[in-house]
Amino acid sequence: MSAVATLQKSSLTAGRLPRWTPWAVGAGALAVSAGIMSLIGFNLPGWIVIAWLLFVPSMFVAARTVEGHQAGVDRFWTVLVCSAFVLALLPLVSVIVTLLVNGLPGLLDPGFLASTMQYATSQTDQAAAAGEGPVYGGILHALVGSVLVTLAATVISVPIGLFTSIYLVEYSQDGWLSRAITFFVDVMTGIPSIVAGLFGAALLFSLVDPQDSLMGFTAAVALSVLMIPVVVRSTVEMLRVVPNELREASYALGVRKWRTIVQVVIPTAISGIASGVTLAIARVIGETAPILVTAGVAVRLNTNLFNDWMMTLPVFIFRQLQNPTSPTAVGPSIERAWGAALVLVLLVMALNLAARLIARAFAPKQTGR
Amino acid sequence: MSKSIEAIDLDVYYGSFLAVEGVNIRIEPRTVTAFIGPSGCGKTTFLRTMNRMHEVLPNATVKGQLLLDAEDIYASGVDPVRVRSKVGMVFQRPNPFPTMSIRDNVLAGFRLNGIRMGKAQADEITERSLKGANLWNEVKDRLDKPGSGLSGGQQQRLCIARTIAVQPEVILMDEPCSALDPISTLAVEDLIGELKEHYTIVIVTHNMQQASRVSDKTAFFNIAGTGKPGKLIEFDYTDKIFSNPSVQSTEDYITGRFG
Amino acid sequence: MSKSIEAIDLDVYYGSFLAVEGVNIRIEPRTVTAFIGPSGCGKTTFLRTMNRMHEVLPNATVKGQLLLDAEDIYASGVDPVRVRSKVGMVFQRPNPFPTMSIRDNVLAGFRLNGIRMGKAQADEITERSLKGANLWNEVKDRLDKPGSGLSGGQQQRLCIARTIAVQPEVILMDEPCSALDPISTLAVEDLIGELKEHYTIVIVTHNMQQASRVSDKTAFFNIAGTGKPGKLIEFDYTDKIFSNPSVQSTEDYITGRFG
Amino acid sequence: ADEAPPTTNGGGAAPAPAEQQLSGTLTGGGASSQESAMTAWIQAYSSTQQQVTVQYNPVGSGGGREGFLAGQYSFAGSDSVMDEEELAQSQEICGPEGAFHVPAYISPIAVAFNLPGVDSINMDAETIASVFKGDITTWNDEAIASQNEGTELPDTPITVVHRSDDSGTTENFTEYLSAAAPDVWTYEAGDVWPSEEAAENAQGTSGVVGLASQTEGAITYADASATQELGSVAVKVGEEYVPYSAEAASKAVETAERVGGGAEQDMAVELDRATEEAGTYPVVLVSYHIYCTTYADQETVDLIKSFGEFAVSPEGQQAASDAAGNAPLSSALSEEATAAIESITVQ
Amino acid sequence: MSQTETRGSAVAQTTDTEQPPVDAPAGVPLDNRSGRFGDRLFSGISLAAGIVILVVLAGVAAFLIRDAIPAVVASPEELDRDTSFWGYVGPLVAGSVVASLIAILVATPVGVGIALFISHYAPKRLAQPLGYVIDLLAAIPSVVYGAWGALVFGAALVPGYAWLSEHLSFIPIFGPTHSTTGRTLLTAALVLAVMVLPIITSLCRELFLQTPKLHEEAALALGATRWEMIKAAVFPFARAGIVSAVMLGLGRALGETMAVALVLSPGPLTASLISTGNSTIPAEIALGFSEAFGIRRSELIAAGLVLFVITLVVNVLARLVVARYKDFSGAN
């Protein structure tokens, strides 16, 4: 009974903090922090960190004393959850600003998207660095390469990953095979990307003429090794949470299991699956190391995945940063590298958006109970 | 079109837990059979074995025979999907498909099976089924809205519409009216009365009045105690069960003197 | 401990759809009030506004006043959490926490609020609540098993046990017995009778008999047609409503002549 | 959609008029040090041999040699010479004579530092070794100051920056340190910086140069072409301090001893890092092209000869030097290399 | 009134319209197998996909083991260093584990927090765009993270490191000196944390959004605050998924190559996180691979194999943790 008595039984509005409380407490914390800072020497990060460290407990104490323990705890976590979001924005904003500041000049170079590195030479870079000419060279070959290689990797991994998840969730009765698959998928999540690359290179090396083993497809195979576990793990989680009653409703209508999976289970989980696939794509489209050892280093446009070297954007970025076209005038290379990075990010953003739109078209309508 | 159902020494298990034991029952075609009994006695469980939904749960198994017009649906080689397309089911909890509109929910039995039909036919089936489930007037203006935006009772009637749309030969109903208001309940009861001319119907209900109103025969299930298996105690004409049951516990239950 | 509830010109919206319009009602402390009405007329919707569960749905809004002992629960500055801890709710669909054991489900109200208690006290509350919900005998041997392994009726009684465990001042019940067998239903009805000595109880039911058995007063809701808002038609003593309603549609509904 | 740049190659180093037009694809791989030079060669070469595609995969010396031995590349670029095991292995694909090395890219390694206002500092090998060992920690340390009278040295602490990746530059630099200052630098030469002396480090030439440029007081070693923004150390050879220069670097290679032991035409050299000869700059990186003495088909032989000879020709060397800022081969070396490549035959 | 009529006509139609084209025409025996072909095919494909994964992994493992064995069994002389392979790889293992652990410890609470913010705290209208913004973090390639970490982030942390080494250097991890360039293991770990953040966030977000309304409302109706509702309904529901997400993130952190190679000034193992030193296995492979051949190459691949084993152990442990709660989870 005493436990019951400790439940809040006071009046409904008694002891509610006014709406502006967080702002007031925040302002107070900033002021106190500024005071502390002025004693030990002002700096911006320190100011904010100390203010935050003051804000969290003050909010908690304020809410706790006025609104009660329960509300105090709730406020505390609200502050933490919101802080997590803001905290994550910091690196994001920093990276994006870095990208924009460094990448826009490259992106705005004439022909940056429409030309390759075939005719960009050390001399043209030196001239450009000396202000005597435009920056030649572009990323067309790398852009096309990235798209093709990633597409190939997606075409390999998504069906395998999706079907494996279906097997794990819908078919396997937790037998040894499903355990083995789960186990190995887990292990695959931690393969260093370069090892995946080495594996892909070794595999194709032994399957085709070594002279021809460096090609876009080899890179796609290596990327698939990285992509599959991400697809499987995220899809499995999404399929698992589809309510069984929907499956049963479908079975009860005399619908075959595979149709139930395709038309009931997957559409219900599509938003999560799309998220997972996009995540997997985003991961591999930004990979450098495995491509370095599988696709060679092309400077011209190649649209054939099965023949000749290919360039991708991350490799392009890496090479331009690490081995500038002109060692004596690195400016143009750095400009191209950041420009390419910006393009890559825009590309992934576009993919992401597309995936969301597709998912939304199928997703369960968000209404009510 | 209608089929008889016969269970012979049927035991139903969840893993190693025997939930229902030794059921012997013969349900005639074109009759309505009501299952009554206290909570947890295995009505739902037994009902689900009748269209092989039971085995959808992990580790759920069945022993014995269940004959659908003399064909054992648990014989090896029987395709459970075929069974289910002949034996439809309405669940205790309404479960419309959240990704589908109301119309598509009604047509789910066709759509999900990849059966194409003209718009006219689709509209006709939709209307007939929704009218059959007494839902048409309420939703006819929002057939393209998601089915999950309906009230509980509306959702349940939508599920009934979905089931009768595919015109199965046997319809199993697990407390179909527990979420319905009296009017819808009445409509569903009327519907059952009509459907019985062509179909075999089995209905689980907690409502004695309902059982006595709609059913030709009634089966009373009981359970001796927690952890014990549920058993079929008595199965007879509904009049007989409600007026003059031959087993004492049936009478206790019906008259509310139970427990 | 018990509180009165009074709605003044209450309109309830889903987005721009007016689901319930202009409700004026005064529910006295220590009474049982039954809400009846056809499906979709807004009983659940109105019930959910009484503990501010309505606003949990996206875009759901309320206009007007709802007074809990003269305090408007929709006044600015009111903490919905506090409202809900005074006004408990049992849902139409049983919804035990699947990840908690039966015991933890019963104690969820305390555990959630971070209230610690000794084992003895916890056991006492568990037993009392489960007995109150007529579930004790069935689950006393498996209190540490997950709550999701129970039958539908058992789950619903578990939810009732969970709600009464925290002893709120008002208990809202949305068709609490629709998934229950007669015995459990009887037990819950008995329970309502007992609880009413201390609490204010509002119950939505489709079952006229139940309404007349348990309630002191009955509110009849109705809806003019699809897309129209539901309205409170009549609110009076249950005897009066069932014997001599003052509105024609109430009589039609009660006698089943409706529609 | 490629924009043609104003000139296809700079510096007026027009390639030799081709005697015959060839066609085909030639694939090489290896050291990244010669990548810029290789790009220049390929570009200049393809302006005369338009039907030939030459591609080079800058996977690193080790990767290049491995790919070459596995038949993946027709030639390799390498900062270090093959060891005996590799030479033996090369006989499998190259015939009984195996493979041979031709020096193609010579570049001084600058010992570069970041001290605003100071362009050049004199140091002897011991001092350099002590600095990189961390024994000398400030720029105005007596050991440095005594060799640099007249230069204003600040008391900035020295930050050593070395390569984090396995690298030919590191191998050449540590070889110099252990040969010229064996008492101070007691580690064996190798392409990994000795972990006992780990300091700040970064990946790749541009990595260390970038880091050194950011960090005042930093000292590093890197391909001289990349260090122009930084000051550089004049290294004591004999009695004088020699700043890096193309001539001094190529002289070091010219006077170096041949390794010998391999194929007849092998030009692998063993640099004398401790040389006292005036006008040589011993901290130099030699990057080779590795070819087979014999190839399986005539087409490859023609392509190899045509491209390989162009790379070591005076025109090719000039093109590379314009692009990469390295030291061209001396004319004697160039001629010898041409002859060596000319001797390649079909199996 | 009219209702009975409508129903009557419905049944009339039922009887005289021909049977709708259901899967099996009436009268087909129950064991007709032809209809099962689709199911067979589909389950066959699913099974095959699973087996492909097993085969691929077996391939990777075989490749790793084949190439790793020479180094693992080699003597220190053959390896050309003072220690055996294990002495070489030990510090790298430590570095990898420490870096990933820090990354995961930082990223998990933040990631789950962000996911919660998007699913349960942010206004509904904002939630989608905010989710998209965070997903942008996943769009950034690892080289860019590397470059950013080396150029911007590392440098920005230096004052913090200076403060730590000044005031907290008695704790070994902040001891005795600090890097003046910010190229330290802690920087690398924080960059990794940023990189795994979107993985954890987006998976958790999707799961949190799937939490059954029923259970959320059950908690709220008991007088739970938002946070208590999350504890009671959201977390238990998503528990296995959160672990999965964290494991995916951990895998990424353990396996990340390029970003670490660019951000870190690797060196021998030290206790300090804020001075130069330490390395991770993938970075070591990336940095060493291009000049490696023979036994050195084998050594690097063996290091990769060791990482493989670490991942395996961690995942097995995670699965065991999840399995303990198995009874209490699921979609029903």
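Going in written order, the chains are labelled A, B, C, D and E, and every chain counts its residues from 1.
Just so we're on the same page, a contact is a pair of C-beta atoms (placed from the backbone, for glycine too) under 8 Å apart; a residue touches a chain by one contact, two chains touch by 3 or more.
Chain-to-protein mapping (UniProt): A = Phosphate transport system permease protein PstA; B, C = Phosphate ABC transporter ATP-binding protein; E = Phosphate transport system permease protein.
As the structure is a prediction and not an experimental result, all values here were calculated from the model.
Trainee: For chain A and chain E, which third chains touch each of them?
Mentor: Touching chain A and chain E alike, sorted by label: B, C, D.
Trainee: To reach chain D from chain B by way of touching chains, what is the minimum number of steps?
Mentor: 2
Trainee: Can you tell me which chain pair comes out on top for contact count?
Mentor: A-E
Trainee: Please work out the Cα centroid separation of chain D and chain E, and write it as a whole number of Å.
Mentor: Roughly 42 Å separates the two chain centres.
Trainee: Measuring from the mean C-alpha position of chain C to the mean C-alpha position of chain D, what distance in angstrom results?
Mentor: 84
Trainee: Averaged over CA atoms, how far is the centre of chain C from the centre of chain E? Could you give it in whole Å?
Mentor: Centre separation, chain C to chain E: 43 Å.
Trainee: In chain A, which residues are in touch with two or more of the other chains?
Mentor: Expected reply: 7-8, 70-71, 73-74, 243-245, 254, 256-257, 259, 293, 321, 368-369.
Trainee: Mind pulling the residue numbers of chain C that touch at least two other chains?
Mentor: 58, 81-82, 85-86, 93, 109, 113-114, 166, 259 - these are the residues of chain C that touch more than one other chain.
Trainee: By the touch rule stated above, which residues of chain D touch at least two different other chains?
Mentor: 32, 59, 63, 203, 207
Trainee: What are all the chain pairs that meet the touch criterion?
Mentor: Pairs satisfying the touch definition: A-B, A-C, A-D, A-E, B-C, B-E, C-E, D-E.
Trainee: Of all residues in chain A, which touch chain C in the complex?
Mentor: 2-4, 6-13, 16, 18, 67, 69-71, 73-74, 366, 368-369
Trainee: Could you please specify the touching residues of chain E with respect to chain C in the complex?
Mentor: Going by the criterion above, the answer is residues 1, 3, 124, 212-225, 228-229, 231-233, 236-237, 239, 325, 327-330, 332.
Trainee: Which stretch or stretches of chain A touch chain E in the complex?
Mentor: 7-8, 43, 45, 70-71, 73-74, 77-78, 80-85, 87-89, 91-92, 94-96, 98-99, 159-164, 166-168, 170-172, 177-178, 180-196, 198-199, 202-203, 224-225, 228-230, 232-234, 236-238, 240-245, 254, 256-259, 261, 271-272, 275-276, 278-279, 282-283, 285-289, 293, 313-314, 317-318, 321, 337, 341, 344-345, 348-349, 352-353, 356, 368-369
Trainee: Per the contact definition, I'd like the list of chain B residues that touch chain A in the complex.
Mentor: It comes out as residues 51, 53, 56, 58, 80-82, 84-86, 88-89, 91, 93, 95-99, 108-109, 111-114, 146, 148-149, 152, 159, 162-163, 166, 168.
Trainee: Spell out the part of chain A that touches chain D in their complex, as residue ranges.
Mentor: 110-111, 114-116, 118-124, 126, 133, 136, 140, 205, 210-211, 213-214, 292-293, 296-299, 309, 319, 321-328, 330
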